[in-house]
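The same subunit A turns up in both complexes below, where it pairs with subunit B and then with subunit C.
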Partner chain A sequence: MTDSINTAPATDNLDALIAANAPPEIPTHGAVDWMKKNLFSSISTTVQTFLFITLLVLILRWLLGLIFDPEASWDSVATNMRLLFTYNYPADQFIRIWFTVGALLTAVGLTIAAWGVDPKLSVKKLGGNLVGVGALIAIMGIIAPASSTIKTGMIVVGVLIAVLGYGISRVLGEQKISFFPFLLVVAGFWLAVLWLVPFGRNEFIDGAVSNLPGTINPSTKIPWTILILLFLGSVLAGRALVTVIKPQALRLTMIAWWVVGPAFLIFLVLRDPQFDYDKVLRTDVPWALGFAIIGGAILYWLAKPGVGEIGRLFAASATLFALFNWVAAFAGWYSMLQKVRLSFLVFALFALAAPTFAGERSVRLKFVYAWVGTVAIGHWLITGINTVSTLDIAAPPFLGGFTLSMVIAYYVMLASFPLGIILALARTSKLPIFRLLSTLYIEFVRGVPLITILFFFSIMVNLFLPGGMELAELAAIFLGYALFSAAYMAENVRGGLQSIRVGQYEASDALGLTTSQRTIFIVLPQALRVTIPNLVGQAIGTFKETSLIAIVGGFDLLNVAKQSIPNQPDFLGQNKPALLFICAIYWAGSYSMSRASRNLETKLGVGTR
Partner chain B sequence: MAAATPSSLVPDRAMHHKRPPFWRNVGVLKWVVQIVVLLLVIGAFWFLSTQALSNLDDKGIPVDYNWMSGPANIQLGEGIDTVPNSAGRALWSGMVTTLRLAGAGIVASTILGVLIGLARLSNNWLANRAAGTFIETLRNIPVLVQMLLWFAILTSLGDLVNNDPETAANEESGPIPGWLYISKKGISLPRFFWADGFYQWLVFLIVGGAIAMFVRRRIQAKQNLVGGTAPTASVPLAIFAAFAVVGWFINPVVGGIGNVFDAMESAWGSIPESGMRIFLSVAAVAAAALWIKRFLDSKRSPAGLAKLTDDDYFRMIFAGVAALAFMAFAWRVWPGGASWLINSGSDFWGWLGDKFGNGRNARPLDGMRPTINEGRFSNYGPTGWTMTVFFGSLFLGLVLYTASFIAEIVRGGILAVPKGQTEAAMALGLSRVQALRKVILPQAFRVIMPPLGNQYLNITKNTSLAIAVGLSDVVQVGQTVYNKNNQTLAVFGIWMAFYLICSLTISAIVNFVNGRLAIVER
Partner chain C sequence: MTMTDTALSEELASRRDMIECVGVKKWFGDFQALGGIDLTVKEQEVMVVLGPSGSGKSTLIRCINRLEVHQEGTIVVDGIELTNDLRNIDKIRSEVGMVFQQFNLFPHLTVIDNITLAPIWVRKKSKVEALRVARELLERVGIPEQAEKFPGQLSGGQQQRVAIARSLAMEPNIMLFDEPTSALDPEMISEVLDVMKGLAESGMTMVVVTHEMGFAREVADRLVFMEDGMVVEINNPEDFFTNPKSERTQLFLSQIL
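Let's look at the complex of A and B:
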């Protein structure tokens, strides 16, 4: 104790001492010195520099040659934007797409506000980046194999950007700007691009390509303007909200939204089910209410700490009943709504979990709220999914292109998360049979390529199902991908589980927690925090590998680029521009995720705690 | 969070010494739960597979592997056998193409990845930034998209023009006519190949290598005693080179080995089938018994046998069950297995006998230049080494994508070696090269090896994307086969088994190397 009292001022002194005796900052003498130091410091470095200059010029010129290839028709991309992003979603229903994007952007804004994302950005660094980007554009303008107009244009734009960047860093210098002004600048930039840059108006009108000069179509730029403003507004609104309610409450709401919200958008907004309200009121609502009220009351009783043997007996028999319903379904003994069967199963799981969440009144109420929420959302979604869509779409899946890639990537990650945790817990458990089963599953799945599993599921799944049951091909592919991803997720989570010290287990045992309480309240929260960087890595991988859906016949982003566009009579064989374009999309998605993960790592302090 | 009421925390004194009833006894419950889950899993498997078999039966597709030896009626784009006479042979050709692609990809991406990783660490600003851009660009684009882009680029290269000297001397494709062609049909180079005398020469190489290793050990042992410098590299290398050079000219001398292999062939072929089966069963049981004995020995100490946990019992029971399952497989599931083993073993010796017996006057290696025939590279006869656009686009996509990951691994590995190690090596008076070779790299390798092995596995699995451009790898051939005969289930079985064997082999090699590199602790 005395040590810490004595050392605290000593460290201050030490810091001051170090600061006072720090070596004088070496004055910089501009570009020549910098080049001498970083490019020509020795003979071998000089050789390296010239080697890399040659290589880079050759590679850049070749790459730019692909872009400025006179045979490459970039109209094929510009005209097919709708196909690339939403595939064959009907044009007259496009308001639903805008609503979905708006809801997602609002949620992103609120999430940013809820977590208080507010990095201070150095103006000097931003200016430096602008100078770099400008210089690169100017250099590309010099070496590009294109017409002299384009070359001059690129050089002029590049020099302008570089001068702007240099000016900003000279005038504003050492200042730091906070996040919202930065967002304003970025939003302003995109709005200017939307309204000022003459990309041309490319669209199909009655099947023929129309290519008019001017800025982007108003049907694109007006919604995007509104959406960008909505995003900025949601950040502000979120910040205002956090001052009124607790940030923790907003965070919980946002997490819940990110788990179920996208499903609402897909199945209820984009798909537009045509509800038969009479039937809904007669069957769906009563069942949901019944489960919520009666089930909630029973769970409230089960979560009482002193409920004893009778509660366990009840939970066990509820589980047996729920499982028996499925056996009866396969054997055909009695009929039951699939929704009801599923509800009984979920109820049994809640009943089994009740002792883990036992506690005082408020804790038990939270548990019951979780059950009621699950019933409400689950029943609404299942009803929505099972209702006929009003959309008039030529080919059945109403999702396609970039939307499909995103949806599959998002839900594969979401579905494989609980599955991966269960597998990881089984693999690290002390029970040999669980460990064996989990290890076999994980090692088997990790040993075979994803594409064979996707083939298996797309072709074979219906073969394994009993007569009368069927699974749509896209759903089968999704199932296969999620089962595949779960094995990798399990390995990531296992890494986190292994980082938990023995003391944590001993301490929770000393507190008298049960095994499941220890796992849920002590082990998993710590393990998952350590796992986050790996999870983002896996999310990036999953996003990239959705491109494999193209091989098994799904019309994702890649399949539109490699098959739909080159087969259009107007753009026969034009695959390079579209492929380069989707390269840019995939790159932007993956790169921004990896940057975000690096920031998140610093913010969470993973590895520093 | 969750707290039991105080009353349940205080144990009842009367209950304390009584055993809990069996439905509350953790020792019983954990086994009940595990066995129930195991039965559920087995039941689900049984249910699904009977469904699948009956569904297939309804469609009139019996699940067996007899079609493997039946006629294939398919033509492959490339591979060791483009017109295979059986479906099994077609799949084998696909497997070889996959292995070629994986092997070439592993070698090339390692070399490129190491170079880029070193460039990323360079203190030259340009090299550093260029390597960083390479890594960040390529690893964020899906490998499949990269492959398809390469395919689009390679197929838009120029046509291949006949090098008929009479008519089109000026139109000949290049860049170096007769030596190197780059076109939309692929790339072709002169080729070296193992000629008939290669195997006899190989005997000389193996013997020379063994002697060189022996001599090196002796020299090192002497150096360890005496100290100073010793020719640990030059003398063994000279011995090996001498054997190689002499063997090049006199390799037919050892052709007699072929007769030994021929004798082995007939000896192996005369094993009776039941004998083989009994041998396999005995071997399985003996292996299980031996494993259990060694396991028990490892638990035994001077103080006696340690208390065995549930886990230990489970392992021993599992070893026994595995042996029984193997026997069941050999006798009931695949009755022809024993004779297959005898036949293929005898074929293998026969193949060795062939290779060592004939071609006694041939050179070990030979070379050929590429030739063009009617606008395409010749498939048959004397020709160069050709990489088709299909193989090329796969190869480029795989190598560039994986190299970007390997570069990061290499960089991380080298950065993981503490700076003090370099300084300590310098303080000992080692040169920079010596410090790198003896101090830094061995430690960096230890960090690099496990993730590198993962990347090798990824390359092997990513070769399955060949189907996107139509390269005849095992997946594409398999798909062609089941589109013809509907034997989907059987083909999936072959795919899974093939990739599992590849993955397990690579992990085994990586684990072995890892074990060799591991720190030997006291």
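Let's look at the complex of A and C:
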């Protein structure tokens, strides 16, 4: 043993040898040491520390002043929760909203399970966070310009939380808590808040404000209790499911659900599925079957490896035909169901892609299944959207508030993602015409303010559309916003495309991959991975900028807070509390997205190089 | 052409031409990279291309599968002339394998996916068949146990062997090697060269740009020495190292040996 370590001091005592080579122990510092080192190391730092602490206290006091302003009626927020979140959605139909939230939470739980999200959380750190939160509440209690009861209450609560956090980190210090127990603790906390904290029971009863003491309204806390339990259950169920089926299968299912599912939920919220079955059977089903069967057969033929020139010719003429249908619609030459027009366009895209996915029987069948699935989902959705709503609507814009903001943000991101990729690919393409068109589009859209585009789409587009075609206001906003967002998305994706080394292109070329195969299998997967942080940044921006919908007249979160609430007879002029409240909502949403992206980055950085 | 003929043994000369370059010229802007290359590679021949850096070796073999486009002269690969016709290029690329100095594996795919991707989507093989061939090839290059790993988890030598297996999976008639060992740590060079030797013995037509003189001497049928975009000498290994015809070759050999 000692022979092999020539440079080490000659000793037979292995322990001594190990001790001699061990890294020096890092001395642990107490809070006082830390403050000495970081806050008061010299006179100038001491001065700066005091200066900025004073500034912070002043800002915090000002903010607390807004919250505890005797003029501010927080009842205006508490009573109008329903308005802020769903606008004037009929109360007797609220079960649909709860079902939707439940479906989303279940999907989140299953997704967590499918990807095996199970971080080990350090109890010490969590305890430290609790101490921080407690201290902040206590400090706010001290400086808040409020009644002494509230101040004392805040100080007591803050100190209790801090002591609890300190106790946890002292007693359970070095332990790690796994994810599910942590979720249980968080869920327990929220359940306790729901059922024990006396927020007061605020609601409108027959148009009059009712403000009873006690915990919050049962019509809120009972559904949320069920939803929280449902979420926990779905995590457990997902984990059980992964032991039975392959995690990969569940992941694919969940991805598909996240693309399609929310559309089904919107349908559920906005429409009562009372189909006109006669029309469905006469037109909808035959068209869908026709596209699925005939289109599928043609695609099966097109994806044969040896089809060659005839296939290309066919795909090209299908594309021309599909585009011509739109020209004809604008010129009014012949009428055609919008659904059929769209289907031809999608079919043309599939036909163009067929040579890329050519292969043996099983590969081709997969391609055909993809087509049939697209037809089924697409036609179902369009049929659903075309069905007249049978809900008894109080006023025309009947879904708004937070739900509207979320729906727009989610679908704008979802739609601008493929569009942005196509634009980015076109902009880096070797063909000058694609490059020119894409560059023109991107630079034009990026040079125009979003609000202009929203105005254009919500007011002017309808004027240009041919007779018989109409764009609902919500659809117009969505379309304009998605086209705007796609230009920014394209620039983000282009950044990712530029990070691909030239060797990757050469290797793909040397293997004989076609340009589209190279793009789909080699370039995009690597480019998008690089782009993720930017994409999340854009998602945050998209979420916040949905507030511009207010300006073109949509009743989103901002418009409810700014217009609806201050105009209610009971809360005339009360806009500050609601605005502060939606600030908190926007902040919570943006901050959690940014945290999620940071986690994702570390995960992707570790998994592959 | 006369130089080529003197180096050809009778046995070699009787074989079919796999690659035929006549008067190939190539410019990068004002810089002339290839100044009229005449070269014929015979079937099952191993040709090693030597020369100082910047002499156009890499450019030459990159022209052979059209990663670079030559501006004058003709290149005929296995009876197909390289023109701008896309179908010809695709056909040649699927018959010519290439191994790069920087491996250029696809970092987001596992080793086995790296190998099976092109056979499945270009050769239209079934997945089962492609997997079977890929495992055989990994066996052949000596790393069957690394199939499920990502390239980033392998050593340089292992990555280069995967790259060779990836090219072989396309069942090429010709393999091009562009300085395959130059980016490797010294202790990994031999593992890659051994694979290449095995490949040469199996009768693959190979064009190898390398600085490994031992390999050149042992494996090559003919050696090509290039400088400033021109072929200076084509010779058999024996004469090339012991009795080079050109003074420039002598100088080069004296510098590196």
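Basically, the second predicted complex is superposed on the first by the 560 of 609 C-alpha atoms of A that agree within 3 Å, B and C clash if a C-alpha of one lies under 4 Å from a C-alpha of the other, contacts with A are read in each partner's own complex, and residues count from 1 in each chain.
Heads up, the rule we're going with is that a residue touches a chain if its C-beta (ideal position, glycine included) is under 8 Å from a C-beta of that chain, and two chains touch if they have at least 3 such contacts.
As the structure is a computational prediction, the values presented were derived from the model and not from experiment.
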One more residue to check, A:L39. First (subunit B), second (subunit C), both or neither?
first
Which partner does A:A192 reach: the first (subunit B), the second (subunit C), both, or neither?
neither
For A:L450, select first, second, both or neither according to whether it touches subunit B, subunit C, the two together, or no partner.
first
So in the superposed three-chain picture, is A:Q517 touching just subunit B, just subunit C, both, or none of them (first/second/both/neither)?
both
Using the superposition on chain A described above, determine whether A:L229 touches subunit B (first), subunit C (second), both, or neither.
neither
Which superposed partner A:P305 touches (first subunit B, second subunit C, both, neither)
both
Quick one: classify A:L58 as touching subunit B (first), subunit C (second), both or neither.
neither
So, A:G359: does it touch subunit B (first), subunit C (second), both, or neither?
both
Would you check which partner chain A:K430 touches, where first means subunit B only, second means subunit C only, and both and neither mean what they say?
first
More residues of subunit A are touched by which partner: subunit B or subunit C?
B
Contacts on subunit A seen with subunit B and repeated with subunit C across the two complexes:
305, 356, 358-360, 363, 512-513, 517, 521
What part of subunit A is in contact with subunit B in the complex they form?
38-39, 41, 45, 48-49, 52-53, 55-56, 66, 305-306, 330, 356-360, 363, 430-434, 436-437, 444, 446-452, 455-456, 459-460, 463-467, 512-513, 517, 521, 540, 544-545, 547-548, 550-551, 558, 562, 575-576, 579-580, 582-583, 586-587, 590-591, 594
Taking the complex as given, what residues does subunit C use to touch subunit A?
65, 67, 90, 93-94, 96-98, 100, 102, 104-108, 117-118, 120-122, 124-127, 150, 152, 166-167, 170
Subunit A-touching residues of subunit B, taken from the complex the two chains share
1-5, 7-9, 30, 33-35, 37-38, 41, 47-49, 51-52, 55-56, 122-127, 130, 136-137, 139-146, 148-149, 152-153, 156, 310-311, 314-315, 318, 457, 461-465, 467-468, 475, 479, 488-489, 492, 495-496, 499-500, 503-504
Please name which positions on subunit A make contact with subunit C in the complex.
305, 356, 358-360, 362-363, 501, 503-504, 506-507, 509-514, 517, 521-522, 525-526, 529, 608-609
